[in-house]
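Below are two complexes that have subunit A in common, paired first with subunit B and then with subunit C.
This part shows the complex of A and B:
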């Protein structure tokens, strides 16, 4: 399933890099601790978090993640949005909590990375 | 022609935009895609390679230099032969070397309908000729084509002398040629980078990449690791190794940002078979390096933890990625972290 389809099915709002939604999502990972994400998330994963400072983009670039879903109505600041656009990392936002989003992703058949 | 219409209605001068995006390698996106992206995100204006080229290429680089011309005193019958033999659909009209008009196959058809095939070209030509200057950019010509809907435009120099002729086909061919040239150059760069270790002969070839890291600079945290990752990709390192290096160097960089008083440096020494990454700083130093290595041990303040840093997993992540790791630290002096990853 592509990130665009995920965004559509979960009614996520695409904040950045709208041209990069064709990426195939290889799995998912959820955490707010960046080092845990660095250790566990894999290339092409979608990362669910409520962090929204610029460093989430750095993490996503280094791991070549498909995109980042920012939960619970958090809105990434201008610096984060600009960096994400520059690096071509899709940031998607939702009012739902991380728990709900992960549940929805699982229902779509997106597996957690173990 | 679709290409000209798209290009014609374009945004501000991309030369002004390109440095904002800081893209070294503009992606090939069509106008449609770019619009879509802009509509659903706050993407900065992205300039395609084609748009960039159309502003760079000069008319004289793409025009046809060998121009077939006729004189106003020639007959339309003569013109018919000129068009037929040269397989062209129009020609500039020159009188004593001066451009006085343009005559096209359309004028010829009208003349034939009226049965005036022996009339002179001078009588049937269009005298209010639109021209383009040889030193104008292709985009200016594209705009003129879109506006006047002509099939061809005579090209003149700044003294008004005819130096060439331009069709929309010439522009498309010129753009394609330039795209190909740029593509080859990129290929050559990539080839050179990935063969550096084979091409340069020494007893031991190494490449040193040095990155300065500022303390407390959360906005740029991760850039050194990103740049190192990109460099290694260009050098043709294996993706699995690049990933381990990216994770390890990111964690080392984060430590410099979070914990040092004055920042530090990441020095990557790239060899054909391995990479040695050294992260050094001048303090404050780690009182107990063994304790620091414990998973979950963190000295980060609450607000840093709220940002998602300070999980106490950084050094463990580095260790997990590295083939060798050495950590030395002295309070009040500084810390030196050295890791080796096999390529």
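This part shows the complex of A and C:
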């Protein structure tokens, strides 16, 4: 399933890099500790978090993630949005909590990275 | 940890400088400074601020007034919630002898709405030092929460705990290489106070410590090996 299909099915709001939604999602990972994400998430994963700091973009670039879903109505900082557009990292936002989003992703058949 | 015991323990460790950095608050700073009066011990007023990324940052100043001005800003960026003493413990404000003055009813054990960059910039503008706290810890630390030191944040130094060494941290985290280090106790109990960091400075002031961090004018900072 592509990131764009995920965004549609979960009614996510695409904040950045709308041209990069064709990426195939290889799996999912959720954490708000970026050090854990760096150690665990894999290329092509969609990452679910409520962190909004610009470092989330750097982590996504480093790991070549498909995109980042920012949950619970959090608004990524202006610097984060700008960096994500520059780096071509899709940031998708939702009012739902991380728990709900992960449940929805699982229902779509996206497996957690273990 | 009441003021006279903090001072006594600091003297026992032959410390010349300590900093009082309660979580999101500086209400007990003046009492410790008062308790240290007459002793050869400098007490730097400060605070450990929790940012919205749940990163702990140490904010150190020269005067109580600076710390309390900063506290007013921090309080304005905390949620308006009351502390639950049965969950988080009672938050005491004490005098120089350690006697109870009042409870601090504000919920302090939570995040401000500041980003790490905002805290670092605000503290620098207020002529304080902003040091990333216990960066080797697996939670509430710059490296755990944000993965690496963000570009463009004005941290004066990195603090590590007794559980690691400067060499180890620099090896594991290239983004730390440019930063000076201190190693301190993050003491929540008297027994956790430590004397691992040596500052070569002329006066125990923020300006001099800042010079030591930047290795200016012969000032320097050294973390002792175990």
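Keep in mind that, in the parts below, the second predicted complex is superposed on the first by the 114 of 114 C-alpha atoms of A that agree within 3 Å, B and C clash if a C-alpha of one lies under 4 Å from a C-alpha of the other, contacts with A are read in each partner's own complex, and residues count from 1 in each chain.
One rule holds in what follows: a contact is a pair of C-beta atoms (placed from the backbone, for glycine too) under 8 Å apart; a residue touches a chain by one contact, two chains touch by 3 or more.
None of the values given here were measured: they were computed from a predicted structure.
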| item | value |
| --- | --- |
| Superposed partners subunit B and subunit C on subunit A - clash or fit | clash |
| Which of subunit B and subunit C A:63 touches, first, second, both or neither | first |
| Which superposed partner A:77 touches (first subunit B, second subunit C, both, neither) | second |
| First, second, both or neither for A:54, with subunit B first and subunit C second | both |
| A:86 touches, of subunit B and subunit C: first, second, both or neither? | first |
| Partner chain in contact with A:38 - subunit B first, subunit C second, else both or neither | both |
| Subunit A: partner with more touched residues, subunit B or subunit C | B |
| Touching partner for A:16 - first (subunit B), second (subunit C), both, neither | first |
| Stretch of subunit C penetrating subunit B in the combined three-chain arrangement, among 95-103, 149-157 or 203-211 | 149-157 |
| Overlapping contact positions on subunit A, where the subunit C interface meets the subunit B interface | 32-36, 38, 51, 53-55, 58-59 |
| Residue ranges of subunit A touching subunit B (in the complex, touch as defined) | 14-19, 32-36, 38-39, 43, 49, 51, 53-59, 61-63, 79, 81-83, 85-87 |
| Contact set on subunit A toward subunit C in their complex | 32-38, 51, 53-55, 58-59, 77 |
| Subunit C residues within the subunit A interface of the complex | 53-54, 115-116, 138-139, 143-148, 150 |
| Of subunit B, residues touching subunit A in the complex | 21-23, 29, 33-34, 36-44, 46, 218-219, 221-223, 225-226, 229, 243, 246-247, 250-251, 254, 307-309, 311-314, 316-317, 320 |
